[in-house]
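See the structures that follow.
Common to both upcoming complexes is chain A, partnered first by chain B, then by chain C.
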Partner chain A sequence: MTQATMTARERAPRAPLTRLLRAELRWIFRRPRTLVVLGMLALLPVVVGIALTLVDSPGPPGGGPNGAGGGESLLVSAGGNALVLPVAALGMALALLLPLAAAMAGADAVAGETAHGTLRGWLLTPVSRGRLLLVKAFGVAAVAVAAVVAMALTGIVTGLVINGGGTLFTLSGTTLSFPAAVGKVALAAGWVALQLWAVGAVALAISTWTEHPMLVVVSVLAGTILFSVLGALDALDWLHPFLLNDSWQAIGDVLRDPVPTGELTEGALRALCYIAIALSIAYARLTTKDG
Partner chain B sequence: MNPKRKAVAVAAAGTALGVAGLGVIAMPAGADAAPELPPVSAEALVESVFSAESPALSGTIELDNGLGLPAIPGAPALDMDSARVHNDGEGRSRLAMQDGGTERTIVHDGATVWNYDSASNTATKTTLPAEAATGHGMTGDGQVTDPTSAAKDVLQAVRQSSTVTVDGTARVADRAAYELVLTPKPTERTLLREVRVAVDSETRLPLRLAVLTHGTTEPALQVGFSDVEFGPQPAGLFRFTPPPGATVEERQADQGREHAPKTEAEPQFDAVGEGWDTVLVGEVPAELLTQQAPGSDDVNVRGLLGQIGKPVTGSFGSGHVISTNVGNALVTDDGRVAFGAVPEQVLIQTLGDR
Partner chain C sequence: MSTTLAGVDVPEGASTPAGPLAARTRGLRKTYGRTVAVDQVDLDVPEGAVLGMLGPNGSGKTTTIRMLLGLVRPTAGEVRLLGHPMPEGAGHALPDVGALVEGPGFHPFLSGRENLLRMAAAEPRLTTSDIRGAVDAALERVGLSAAANRRYRGYSLGMKQRLGLAGALLVPRRMVVLDEPTNGLDPAGTREIRTIIAELHAAGVTVLVSSHLLAEVEATCTHVAVLHAGTVVAQGELAELLESGSPSLLVSTPDTSAAMEALRSKRIPSRLAPEGIRVDLTAATAPEVLAALVRADVPVHEARRARTGLEDLFARLTQQEADESRMDGLSGVVEADGEATP
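What follows is the complex of A and B.
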């Protein structure tokens, strides 16, 4: 932190929040790794779409294994249906790749800055710790939204290019208009983004306890895999409602008509609970952290 | 108060709130005490079920399958997570069975039945004969579209040979319900202990059907609403237009059975015995036994029987017994078949007597 900015901050003791948020966004989206990850995620629906066209078969009968996220089994219907592809790609990436991206953003937000020594500047400035957390959480949330929106957009475009505009229909066989189809994908994307905010919040909480960003990513990765394994064990079904990814397979429900809201709502509430817990812990840790 | 301690207090409160929220989500639904309802006699309850109009409703049906069926890859029908039912009360219904990321939608609009499978993107249109159009509950494929008819059929079939009682009340899908219990008379040679039907106290719609076997507390088979709402349904739900690119097959309800796939092309069965120990006896066409088993490339049906069945011999010859928690099936090597909710000795005896 240079002397000039220090004095600038002192003269304006309450930096406007919007300026802080904009600065954080610029800081995040200028990192090459953020852009690379976003670009790779955006490519995923394209690759899946092309692969499905090349294979050109309705997929294995009986559907995929049940434990590995909703995306795989949705792929059965994704060939020949422009609506299913973006949602299937989101569901597939939600199993591991998207949480990884959220974890990376959460790791960079606090632990990464601690490691580089740039967090010290934040802690010394007259920005309250609550605001600091708000800015960091906003940054992580923005990365999650960017990833989801990028995937949804490339997914829709790929689906339309490969299958044509007339192939927007639900799993229940209802043909949808283009705006209605976009609405369905937006619903799926919004729901996935909420789940990623929960993952990002957990990453942020871990991030405040360590100065090794790698540790954050590894923890979230291990947690995601562990939760999937626990979720696949029938003997632990009392535990399942506590696992964040318990309802991640419900992403396919947005493709049904009418949409069964039960599990989607439950998943959204669960994500909100995780966000409340994780941000509380992160707040406590950030406030008690010494500058 | 020290701002740091205040922050920690806020954080503790937030964490507690989140954990409490998770706890609420995890709380099993329907754990309430049994509701208080005016007593009703078994006869009156059964009669009200038979006379009740099929109400307009939307709901989710869940199937708990503890049948202990041998695992057959790709076996249809019972292979579903849950099903959503819509009924307009006037013979139109919609059933959406979901299985992983696919869905099978059956729309019954009064005159035609559409059966759409999202996995293969095929729609089958069945035109019902005029007199069947008013019948409700069953589609042209003989598939049950709501538990109403399932319970009614069971009631009708077992009344002569069973004790019918009302055994308290229950709360099913957040509705107060009477528990109607059908117990086989002691002379019946059956694997089943009792069949419980939870009947909604207001609409008299059967909400849940549970089959219990001897020696277990968990139902071997339970079909029931996990949530249900009564009220008019949007008419659009009962119309179906096949999506672009879908394979559309048309068939008449009468011819349907001939063209139907193997599982529905069932030969004629004779019922032997009465009541709970009824044994259905029939013959399986020889080509069926050599047909390829569903979901596998190199095993035919006869080979599959060898894998999942237990070889038995008796005065009928030799064959395989396939056991489940609720019943047994005996398929002889020369293609005769007998099955029922009975011990395997009854099957062997029945085939031997013929």
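What follows is the complex of A and C.
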């Protein structure tokens, strides 16, 4: 017993954390699957921009059946507006495609590595399980950020190319300078990334319970769809504050001037709660499961 | 006496005069639901030994190794690896332990070298600038340099196994644990593994190698532990284990009837063997037997102590235990002479 306490006090040798993080990033961004998904997401704003130009809706301001703000009505404004396109594309992808990408990263992070027997390799070198979770969470977060940044960049470029620099109108009717417009897109991208971190954290938590990556992706996908359905049912409005995607429609708010922060803040806090809970579950499971 | 057989209660320390233990388990037990994977495993791995862990498939070899390495938390019992309690002391013990457990685990889309680089990034004993050199050296050592830049996806089973071995040898270790290292290897590959184990042994590294191939263990190991149905049924030095059981002398003679007659008159039991007779040495020593034969003018070509052979020993231990466990579960034990006692 005395020896146990003595050895615990003396620090165990460890590989530098930055080296682990770099190795994780290299692994993630060498994976063909990651690159394909990121590439497709980056193409999305381009496709949307071109489609809107071809449809050439000259002036549909009257407001169709979908008058209340949301991804689809945002898209209507994205035609002929360089500022709206990147944000609208992000809002559209946030509904399903971006959560899917985050789920994939979370699934590969632990379940995929367990399935390949590679998680055991790192546990044996050894990497402590707490550090392992830290590295894995960092990797998933990095994928989310990469996806969002790629979409924002291609969105801005596509918007400018198609509509020109003079079309940076907010939904409130004001015109923005280019740096101010980039700032707004960055705000939207950051907020979306935060939501994706929450999705990724949940995926990571599920990932620690299974060795089938597919199960993680399917669970997150089903959860996202289920949450959307539940969120659309007025009878369940007591449940809505607990649904992660309850405020995802509020992404369009960043395009107003000034920005109404209420729903965006609520969504951010909700995401932080999800992250805290999901990572706690992942930690509890990862530190006790058999390697 | 470093040979201990299950069921013989050996006081701690008495079983290990040879020196400190690199790894030790006491009363180790692991259950998965109602299935008992491993029970009452008291394993001693002396420092500097090459210990072969033998047992049929499903006898608990891998589960024991996984608990030894801290991958699995035992249901009961204690594990010490290089002096550190496991799994709590994993951070202290594992940097000096190289392991290949349950087959090699690598990413198919990365090359062999990239896979090892990823593994090496987590090695506490490697400085960042040493990583490349260590990876190249390990690849060279297992004969994979030529295929290092090919994707792991395209590796043959033997190449995968070699890469796993390279991972275990990235850093100079105090102990190396190899779980079924020759799985999927051709005879040449098996010989290379033996050479590597011999090199490690010569360098003073403790090696724990599990296998169900008896010849492999007999050829490479100094010590043996036989597992069966989740318990250690025998362990100790290979040579001693082989001589355990009823000692006997194989006498090669052309005149077997005269030889048996001469021995019978001295009340020494013997029976016919393929090239002569097999004399039971419980009643008489070898010199007494030879003296009796020579005095009776029996021509003797050769006399040698019968080594049980690992295969015999293994069959005896696991067979008895199997009969036993059919009757009263895992509580049965096997004594040195192989007779089951409840």
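Just so it is clear, the second predicted complex is superposed on the first by the 267 of 291 C-alpha atoms of A that agree within 3 Å, B and C clash if a C-alpha of one lies under 4 Å from a C-alpha of the other, contacts with A are read in each partner's own complex, and residues count from 1 in each chain.
We adopt the following convention: contacts are C-beta pairs under 8 Å (C-beta built on N, C-alpha and C of every residue); 3 or more make two chains touch, one makes a residue touch a chain.
Just so we're clear, the structure is a prediction, and the values are computed from it rather than from any experiment.
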item: Side-by-side fit of chain B and chain C on chain A, or clash; value: fit
item: First (chain B), second (chain C), both or neither touched by A:Gly39; value: neither
item: Chain B versus chain C as contact partner of A:Pro241, first or second or both or neither; value: first
item: Touched partner set for A:Leu123, first chain B, second chain C, both or neither; value: second
item: Partner chain in contact with A:Leu272 - chain B first, chain C second, else both or neither; value: first
item: Touching partner for A:Asn81 - first (chain B), second (chain C), both, neither; value: first
item: First (chain B), second (chain C), both or neither touched by A:Thr288; value: both
item: Partner contacting more residues of chain A (chain B vs chain C); value: B
item: Touched partner set for A:Pro258, first chain B, second chain C, both or neither; value: first
item: Which of chain B and chain C A:Ser172 touches, first, second, both or neither; value: first
item: Angle at the Cα centre of chain A, taken between the Cα centres of chain B and chain C once the superposition is applied, in steps of 10 degrees; value: 150
item: Minimum C-alpha separation between chain B and chain C after superposing on chain A, in Å; value: 8
item: Doubly contacted residues of chain A, that is, touched by chain B and again by chain C; value: 288
item: Residue ranges of chain A touching chain C (in the complex, touch as defined); value: 3-4, 7-8, 10, 12-16, 19-20, 22-23, 26-27, 30-32, 116-128, 288, 290-291
item: Sites on chain C touched by chain A in the complex; value: 66, 69-73, 83-85, 88-92, 94-95, 97, 99, 101-110, 114, 117-119, 121-126, 128, 167
item: Chain A residues within the chain B interface of the complex; value: 58-59, 61-64, 66, 70-77, 80-81, 88, 91, 129-130, 166-167, 169, 171-175, 238, 241-242, 249, 252, 256, 258, 260, 262, 266, 269-270, 272-277, 279-281, 283-284, 287-288
item: Complex contact set, residues of chain B against chain A; value: 3-4, 7-8, 10-15, 17-19, 21-22, 25-26, 60, 73-74, 79, 84, 96, 98-103, 105, 114, 116, 118-121, 123, 227, 237, 240-246, 295
